[in-house]
Amino acid sequence: MDLATVLIVEIFYSIAVLVVISAGLAVVFGMMRVINLAHGEFMMAGGYATIVAVNAGINIYVAMLIVAPLVVGLIGLVVERLVIRHLYGRLVDTMLASWGLSLVMIGLATMIFGNTTTGISPPIAGFAIGGYQVNGYNFFIIVVAALLLVAMYALLAGTRAGLVARGTMQRADMAAALGYSPDRVYMVTFFCGSALSGLAGGLLAPLVGLVPTTGGTYIAKAFITVISGGASIIVGLLSSATLFGLVSQLFTFAASPVVGEVALLVAAVVLLRLLPQGITGRFFRGRL
Amino acid sequence: MSGRPDIGATLAVLVVFTLLALVAPAVLETYTLTILLIYGLLAMSLGLVWGFGGILCFGQAAFYGLGAYSYAIAAINLGESTLPFVLGIVVPFLFAGVLGAMMFYGRLSDVYLGVITLVVTLIFFKFMNSTAGPEYAIGQARLGGFNGIPGYQTLNVPGDPDAYIFGDDFYYLVVAIVLVVYALLRWLLASPFGRVAVAIRENEARVELMGYDARLRKTALFAVGGAVAGLAGTLFANWAEIVTPGLFSLGQSAEIIIWCIVGGLGTLVGPFVGAMLLGYLKFALGQQALIDNTLVLGLVLVLSVLLLPRGVVPTLGQWAGLARRRRPRRAPRRRLRPARGGADG
Amino acid sequence: MADIVLETRGVTMRFGGVNAVDGVDFSLRRDELRCLIGPNGAGKSTFFKCLAGMLTPSAGEILIDGQETTGWHPHEIARLGIGIKTQVPSVMDGLSVRENIWLAALRVLGRQGADGAVADALERLDLGDLAARPVGRLAHGERQRVELGIVIAARPWLVLLDEPAAGMTADEIERLAAVIAEIGRQAAIIIVEHDMQFIRAIARTVTVFAQGRILMEDHVDAVMADPRVRDIYLGKKG
Amino acid sequence: MTSRREFLAGSAALAASGLFAAVPGARAADPIKFGSILDMSGIFDAYGKPMDMAMRLAIDEINAAGGLLDRPVEVTAYDTQSDMALYTQFGQQLARRDKVDVVHGGILSASREAIRQTLRKSEVLYFYNVLYEGGVCDRNLFVTGVTPAQQVEIVVPAAIKKWGPKIYILAADYNYGQITARWMQKYAAEAGGEVVRTDFFPLDVADFGSTIAKIQSAAPDIVVSALVGGAHLSFYRQWAAAGMKPKIPMASTTLGVGNEHKVLTAEEGDGILVAYNYSPEIASPANERFLKGWTDKYGDTSLIHEIAVSNYQGVHVWAEGVRKAGTLDRDAVIAALTQGLSIDGPGGMVAIDPKTHHAVLDVHLMEFAGQKLKVLESFAQRQPVDTQGVCDLVANPDDNTQYEIKI
């Protein structure tokens, strides 16, 4: 019974992690049709920002939740102005340019921080469920993921800025005619997406050892989650994260982490074969 | 239709390449040249599928690795290299065919195609990495997990397992293979099949309306690309004398794509040259410690996407006025077709 | 019945909750030239896409030459000997005019016959001067003509044309009418069209679509005179 | 500087026999070509960079003492960028173009296997100076790192004695982990322990939540890990975060090789039991000299780790072999190396076992304490018994296999 509870917590945690690591990519892809392959490196930058900030004596929550998103958001801003801006509407080119960018960021991080694994400790103690100890920080991630989804929904559905942004993504010319600069909307959206990537990096920093190539671990999973979700940002993200989180965690527990990961990948292939437009291409159409 | 201007250009390329290949050993060691040629062949396989078929495959490394592993496993079991060599081409060819059929008959749009190829590569990578245990063996060949498979029979004169083809001989063999593959691919592209494949890249719906089955043709082209990548993998296995799961890595896939972009899509020579240049750059960077190599590769990629949207070779060709002589083909596209369906609703 | 080359029974196309095409029964005789007209959103283009295999109807069936083709792929339908031209010029921009047309002829006539068919099509559409130009660099009307060339080069016996005159100059439209009349001598034709003048120039029987159904079917002059047709055009289109 | 001279004087004394050996005078000015091939960038650079520094330190010492055979030693080093394909490339380059006299390098077993055959074929002596899974039997190869038996034989019985018999093994899913896990089972059984479960993890697994739950349901007395690399480091962190650290103690054969004890906090690391050849805390004149030399050359000693020291010792072992042989001829050097030669390295005395060409060295049982490796007990001159069980180069000099050890 305790084991079942622990397993359920692990499943929720694994869904939450997928949501957190995919949110930034989902916003940028869902809103702008830009696939940012430097997403993993944005996360890595968020992780380093957090660690540097903590080592500089800043409170760990401030570092994770504020410093990391801000720093990475600003990096995203620079990247958008220098590179992505020139490539809007050219999906593959943005993909390739951001891939190059990811290599540049790995290189820079290696030159600055070296390849030695670094990290910080989670700020929350573990506690017991029955006879089992679980990682308290896992609950924190689950809560943050839930809040993140609610906040994204509120922002996109309930605020003027969200409406303008969605309008611009649908019909940039119309938005421009109404007096909203698409250029600025894209810029702000990319900033937000990058900040989310930074947040993810910050949140995961206490859990995993950080090296400049850490991003590679996440990009494929985030990419698969977002694409499988389909066009709707929030529903798509949540539905595919739930599916993959469940599948990978169940298989991990029943067999081993490799089987879990392979199960996730196989699930993705099957899913895309059956639903070529992603989950929300078939279900929940037209939702956010 | 009239494949004739192409014949001239193809012959010119073949002659120039042969001359360069004969002169090159005076400048560089043949083992370096050999691997550069293998990279070139690998780049050409993606150049074919992507540049002419419009199919962006994030997983060309899967076929490369599959070719190398097929060869290594078969060579350990058979102890003679002829059949393994053939298997190193046929296995990836069949696999690419099946995978392609699954994707193209499923009418997956391009982004999803990218994801599937990426995911399949990842599956190979993860699987091969987790085969260190003794239970993973095919015949006498242990898969070896992360460490890969060393110590298999390398290329020999067919029928004589003790007559190894290595060193300079292997280099000239690879040169010959590159020549043959290039000529065959040129012939394929000049054939009706190739013309239709290019037309599919330009406008798949129109080609379907003409009565051509685009799915079948894309699958076939994809399979041919897989076979060429598999051949490159087989040659790599012979050059390196060890195969590791790194062949399936995303980094490897990324490199192939970068070669194609830098070299230029829409030609076969472009990706080939791109691969040789960047491959050499990588070796050169390995001999210095000043700048991080990843950084340099990344910069090359970003800058070439921004500044050389057509790649080095087509851009040079344009400067040299070569473009005028040939059919003025539009900039080979990297854009994606809009996703089918959906919009009607 | 041998006369009927294309027939639909209750063809319906549903998008979400809306029936864009709603139970259409339609038939076409051999060597007939038929225009489909109707205001925007009347369902004629959707119906056309169902015929061409670009959409699979939600219900109903389509028979071409007595054979059920419901749910066939466009290439399978084309292989029956049907030439299809879509609304937006659908051509291979990166290839030359000649190559575009040659590819169409190649499938039907093989390498030997293709060159002749290409020369013929180039001449009939007056594209000879443009033959070597990449289609992507041509004007809109010229691209329309290239697509027509693609259609006729395959020597079809049934031709489906979606707004062939869109974006053409008056001069071009006149020539187009002549080409279509000529095609009509060897093939049955279905044309979806807006331009009433053009329709008058070419058509005998006209089928009027409104709200996904067939409103009426009659000779072009009768249709033009019908008050209901005026209503839907004036009322809906303003 | 004075102290460095003293140290160098020491080296020179050590080398005396070699220096006075007769050398053909004509080529005296030609430098000896020393090839090095390591991952100095990419994901393994945390291992490779300090190894490169250690190698250069050793070469500087040798040259400052007058070189070898009156000739200076010149380094040709390649960075393989953590890319296995580059090993083949640079291995061939070292052997064929640069025509070096010896190659030191390779980090992962895969990288060693990528160059071993090339070097064997071209008769270039090869030193692999890294802790590895054992079992390679090749006359052309010398190994100066510790092998599983040398470590496991010490750390597992010590852990069982300290904490209890039930063991849960976590290992990296590749050759090293698989083979080491088997050694763990063997020595656990010999020490009266029992392995309740063994789990293998690919190198990129970073999420150990389910595993931690699984371990708890198995309720072992000890967790023994042979996890490798940055991603696996997450395990220790997640383990501590779940509050497991005070409940189930841990031992490892890999933690600390890449200086992980400095990455983990003291709370996460303290008390973990390990066994290696080297700790900077070792109090010996040789280690003091080594640390002094390092400080003079590089300043910061925090990068020094187990396999950097192995590499340093490997270079000195080779140099000693050349001095003894009095020539660079491969067979003469091999003969010299296998005839009871030893050096006094920072990790203790290093000798070569003639049957396996593996090192006989001191192994120290240590525990993590305040981000340092505290030496608990030292075991002098441990034999590479794992490889000795399968390999006898004295009897079969032509052997060229990596044996999988059957237990």
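Going in written order, the chains are labelled A, B, C and D, and every chain counts its residues from 1.
Note that contacts are C-beta pairs under 8 Å (C-beta built on N, C-alpha and C of every residue); 3 or more make two chains touch, one makes a residue touch a chain.
Everything numeric in this text was worked out from a predicted model, so none of it was measured.
**Q** Which chain pair is joined by more contacting C-beta pairs, B-C or A-D?
**A** A-D is joined by more C-beta pairs in contact.
**Q** Need the CA-centroid distance for the pair subunit C / subunit D, whole Å please.
**A** Subunit C and subunit D have C-alpha centres separated by 76 Å.
**Q** Can you compute the centre-to-centre distance for subunit A and subunit C, using the mean CA position of each chain? Integer Å is fine.
**A** 47
**Q** Report the inter-chain centroid distance for subunit B and subunit C in whole angstrom, where each centroid is the mean of the CA atoms.
**A** The computed centroid separation for subunit B versus subunit C comes out at 42 Å.
**Q** What positions in subunit B touch 2 or more of the other chains?
**A** 126, 129-130, 292-294, 345
**Q** At least two other chains touched by the same residue of subunit A: list those residues.
**A** As it turns out, subunit A has residues touching two or more other chains at 110, 258, 261.
**Q** Among the residues of subunit C, which ones contact at least 2 other chains?
**A** There are none in subunit C.
**Q** Which chains are in touch, pair by pair?
**A** A-B, A-D, B-C, B-D
**Q** For subunit A, which residues count as touching subunit B in their complex?
**A** Residues 35, 83, 86-87, 89-93, 95-97, 99-108, 110-111, 216, 220, 223-224, 227-228, 258, 261-262, 265-266, 268-269, 272-273, 276-278, 281, 285 of subunit A touch subunit B in their complex.
**Q** Which subunit B residues qualify as touching subunit D in the complex?
**A** Contacts found on subunit B: 29, 31-32, 35, 126, 129-130, 132-134, 144-148, 150-151, 236, 239-242, 244, 246, 282-283, 285-289, 292-294.
**Q** With touch defined as at the start, can you tell me which subunit D residues reach subunit A in the complex?
**A** 41-46, 49, 173, 199-202, 204-207, 209-214, 216-217, 230-234, 237-238, 240-244, 247, 258-260, 263-265, 267-268
**Q** Name, in rising order, each residue of subunit B that touches subunit A in their complex.
**A** Subunit B reaches subunit A through residues 56, 102-103, 106-109, 111-112, 114-116, 118-120, 122-123, 126-127, 129-130, 250-251, 254, 257-258, 261, 291-303, 305-306, 309, 334-336, 339, 341-342, 345.
**Q** Can you name the residues of subunit B that touch subunit C in the complex?
**A** 1, 192, 195-196, 198-199, 201-203, 205-214, 327-330, 332-333, 344-345
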